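First the structure, then my questions, so here it is.
To keep things simple, chains are lettered A, B, C, D and E as they appear, and every chain counts its residues starting from 1.
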Amino acid sequence: QKTDTTTVTIFAAASLKNALDGAAAAYEKSTGNKAVISYAASSALAKQIEQGAPADIFVSADLDWMDYVQKAKLIKDDTRSNLLGNRLVLIAPQSSTVSLKIGKDFRLAEALGNNHLAMANVKSVPAGKYGSAALEKLGVWSAVEPKVAQADNVRAALALVALGEAPLGIVYETDATAEPKVKIVDIFPEDTHPPIIYPVAVVGATKNGDAAKAFIDYLKSPEAQAFFTKQGFTIAK
Amino acid sequence: MKEKQSLLSVRALQRRPDFTLDVDFESNSALTALFGPSGSGKTSILNLIAGVQRPARGRIVVAGNVLTDTEAGIFIPMHRRRVGVVFQDAQLFPHLTVQQNIKFGQWFTRTHDQGLPLEVIVEVLGIGSLMKRRPATLSGGERHRVALARALLSSPRILLMDEPLAALDDARRSEIMSLIERIRDELAVPIVYVTHNVEEVRRLALRVVRINAGRVVSTGTAAEVLGS
Amino acid sequence: MKEKQSLLSVRALQRRPDFTLDVDFESNSALTALFGPSGSGKTSILNLIAGVQRPARGRIVVAGNVLTDTEAGIFIPMHRRRVGVVFQDAQLFPHLTVQQNIKFGQWFTRTHDQGLPLEVIVEVLGIGSLMKRRPATLSGGERHRVALARALLSSPRILLMDEPLAALDDARRSEIMSLIERIRDELAVPIVYVTHNVEEVRRLALRVVRINAGRVVSTGTAAEVLGS
Amino acid sequence: MFGFSPDAWMAIELSLRVATVGTLVGLPVALLAAYALARWRFPGKIILDGFLHLPLVLPPVVTGYFLLLAFGKQGVLGKGIYDLFGITFSFRWTGAALACGVMGFPLMLRAIRLSFEAIDRRLETAAGTLGANPYWTFLLVTLPLALPGVLVGAILCFAKALGEFGATITFVSNIPGETQTIPSAIYTFTQVPGGESEALRLSCVSIVIAMVALILSEVLNRRIQRRIAVFE
Amino acid sequence: MFGFSPDAWMAIELSLRVATVGTLVGLPVALLAAYALARWRFPGKIILDGFLHLPLVLPPVVTGYFLLLAFGKQGVLGKGIYDLFGITFSFRWTGAALACGVMGFPLMLRAIRLSFEAIDRRLETAAGTLGANPYWTFLLVTLPLALPGVLVGAILCFAKALGEFGATITFVSNIPGETQTIPSAIYTFTQVPGGESEALRLSCVSIVIAMVALILSEVLNRRIQRRIAVFE
């Protein structure tokens, strides 16, 4: 262990906060190093890295923005790996009596009636993209599309269901299990959408390459992974 | 609330940091002049009559109507007093034309019991050519003449004029004094006229209330108060 | 730019929608009165001398200094003319006390060549007790007296007074006229004095310029212009 | 035309509508509140004042969340207004207008209040002595004299409404043709790799609209200024 | 104290600093721009006017992105300012102050300009005849008379700066202790399960700060109003 402390700066997707804060605190305790984490939308973080942000590590909420920084040669290719996974679920308010089984041509549109399906933005937010891909694959997208209310992010979509604005919504399992005002109607089978993956990599311009690598290694240790699984994330293979 | 008594009766106490107004006077004349040096309290008295301000203690009655009575808790709001005030510094509405300014009061009077027609007033005051102009483009004297027209045309039950002729030349002043004499003699509208001009007092005032340092020094006819 | 000629020489043409000012006069007297009816152009002339406005055509010379000359392209900005203006409607600074108002001009004069000391001016104008007050609390006449003090104390090279006494009573007016006479006779500051009061003209003016409808009607001594 | 997609056109049309409605509906409320804050004394005045500044102080998403709580389907106010006027806000363009109006409100309020406070009250007194009751005085004297401030307030609110994003998307989400305003559309583009150029094109539309509104307001303002100039 | 985490305390301290610096540094610029727009005629005036309103019209993330491009390490302005003054903005609290100042700027500008335009210019003339050159006239007459508007402008800018989120997080990200302001911290809390109560508590801090600022400004304003009241 070094005597002088090194500070590792992590740019991470905002949805990772709970899990990553816990892991980082444990890391600080065990190494004496400092971990500073800046949480924002993956898109903003990617563009900031492009503009020379002082990040050592980038954790994206999807593959697209990691691909973006990789194409721009902003990360160390060999340090890129998949950190976490998540599952996509269909939710309803706790008081709801709706029962739906997700499957080919399932009757989502009818269940909605004149109401809206809360999702994260289907063009830009990972959870929204996965959700629309899944509904497409299940053959119900064209019927459901006009009824989709696209929120700014998954949390906002969750709030719409929790407050009873929308009778149904599509969010991550991690969000759904933690919100007592909603219940999970069904889980989307993994083969209905691209794999939900949170990739991680060391930023090319880092001055702390070694410490950054060490932090990523720590995140993959069983000790750190306990924090992730506790929040409902799956560990990416 | 009608009382049979004098046309105008003012009793008022008002305290200011450096100045105390404490007056009590009556008048039965059609035109009462308030005469006194600068800073003696003339404008303050007009403000109390107009209801612009409320005295600490006092009672103001005009033609039998109690406008203010602090003991009885009476204070008629100014817009219901029907006073025509010619302010010392004109106070024209800058966003309205001269014409709109002088017609302003008419919009709020149901009865058009105004004696003198607009044409006569405009003629005597010599403001006919200014009708379309805005106050910002008027000369000092023109502004005061418009203010006078505005007050006269609001069908007032009492006219309060604060040095209305101070900004005017002798010829114009004389013509307007004739107009005021006509109003005084032909219409049943009592006038309270603030001035420090002896000539105006002699010519117009049927009764003079002489003010000094916030108190009434003497009252009487012009000859009595000014000496002859 | 010094020229040997009259103390004050004004030639100016200014067009307004309803009014044309076209004047040409000279004066070598210490006090020149501009005399004329309301709306004749007196204030406009003062504004041109003060540099508040620029004439369409004209030339204004004070004590040999060319202040405005449209042909030569000369226009001295007003803050370098050192004119002391008593505005017709006072124009006191509302955010400053009376004291700060009357000392305002002193902050910008390096040479304190002012003849009359502050104490004398304050005494004669009777504003000693108002020093800490703000303009909003002054009576009409008090406001004009403060404006007069402010102009007198700015060490002007020329004094422009626009009906400075119109709002004042006879006693005060007479005292202030004495003060103006002292300034006229003891100090080398020419005065242009706007009034429509015959008495003031007779007592103060060494030369009278009579204005009507934007033109000079006659010039001469008070007796010549007014008749005796 | 100009190569915008139908969705983008809808967003432009919607933003115009939302900003206009939000501003116009907010205006009378702002006038009343500004007058009350400028002229009256009442208990809790400072609390009201603070409350009306909240949309400025809170992050827009928080404001949006509160709007959702209050004006959503289950919200107290949302239900009440539906029962009274038959207007629903949730997932409707009316909700977007509400969000934009709320976010722009403090700006409008402050500008108008500033103008009310700058008015020479002796003119209101003059109107009173001429027989105008307080309402007429307000209408014929106070309001016309405060017009420059009202105009500035309206233009600030309109501009803010054109740019408002956080509260809108949180409250009524992002439904093309119904609640997807220009900023929501722009935001979506900025969140996808390579979407910058489209985001930029839409930003330009906002700028053009705002410029037109601004020029109009300047022209109007110059007229008003000329009218009420105390001196020229 | 109050059970806030160290990160939250840092965010509060930072927000205060950022809002104060952003407002105070922006103030002289706003005064100059407001004076120029209120009094001078120059070519391109309307363009400048429009440009200064942009932060209001554009979605905050777009403004933030422009700031990132212009004032980032590789940005033209960012480089220039570093060379001249040695100040870096990128991912520093100075950048957060810049973002907040820029977002609040139009509000400050407009309020001040409104006050300048409402001033009776005859008073400036009177100052001129008393020997005050235009600079002194501005300092001794125009500015004191416009003080209520300056105050309103400053408080609007300060409040906006307290609530600004989109531009800040886009420009300088969300680094605890350096660029994580209260709104960024709130945002982070809203993005995870169970963060609402913490988000709400932080919102309350913002509200309290804004209320204190508001009360101070009202007290000051009342004094000023009393001073320059034309009538009482």
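Brief remarks follow.
In this text, a residue touches a chain if its C-beta (ideal position, glycine included) is under 8 Å from a C-beta of that chain, and two chains touch if they have at least 3 such contacts.
Quick caveat, the model's predicted, so the values are computed rather than measured.
Using the mean of the Cα atoms as each chain's centre, the chain most removed from chain E is B.
Note on chain placement: the centre of chain A and the centre of chain B lie 79 Å apart, centres being C-alpha means.
With centres taken as mean Cα positions, chain C sits 30 Å from chain B. Averaging Cα coordinates per chain places chain A and chain D 35 Å apart.
For this pair, chain C with chain E, the centres built from the Cα atoms lie 46 Å apart.
Chain B has residues 137 in contact with two or more other chains. Multi-chain contact residues, meaning those touching two or more other chains, do not occur anywhere in chain A. Counting partners per residue, chain D has 61, 65, 122, 125, 166, 187, 190, 230-231 as the residues that reach two or more other chains. The complete set of chain-chain contacts reads A-D, A-E, B-C, B-D, C-E, D-E. Of all residues in chain E, those touching chain D in their complex are 46, 49-50, 53-54, 56-62, 65, 106-107, 110-111, 113-115, 117-118, 120-122, 125, 148-149, 152, 156, 159-160, 162-166, 182-183, 186-187, 190, 199, 203, 206-207, 210-211, 214-215, 218, 225, 230-231. The part of chain B that touches chain D in the complex is made up of residues 50-52, 77-85, 87, 91, 93-95, 104-105, 107-109, 134, 136-137, 150-151, 154. Per the touch definition, chain E reaches chain A in the complex via residues 61, 64-65, 68-69, 72-75, 90-91, 169-170, 173-180, 184, 187-195. Chain E makes touch with chain C in their complex at residues 122-123, 125-134, 136-137, 140-141, 144-145, 227-232.
Taken together, the chain A residues at the contact with chain E in this complex read 9, 11, 14-15, 17-18, 36-40, 44-45, 47-48, 51-54, 153, 155, 174-175, 177-179, 231.
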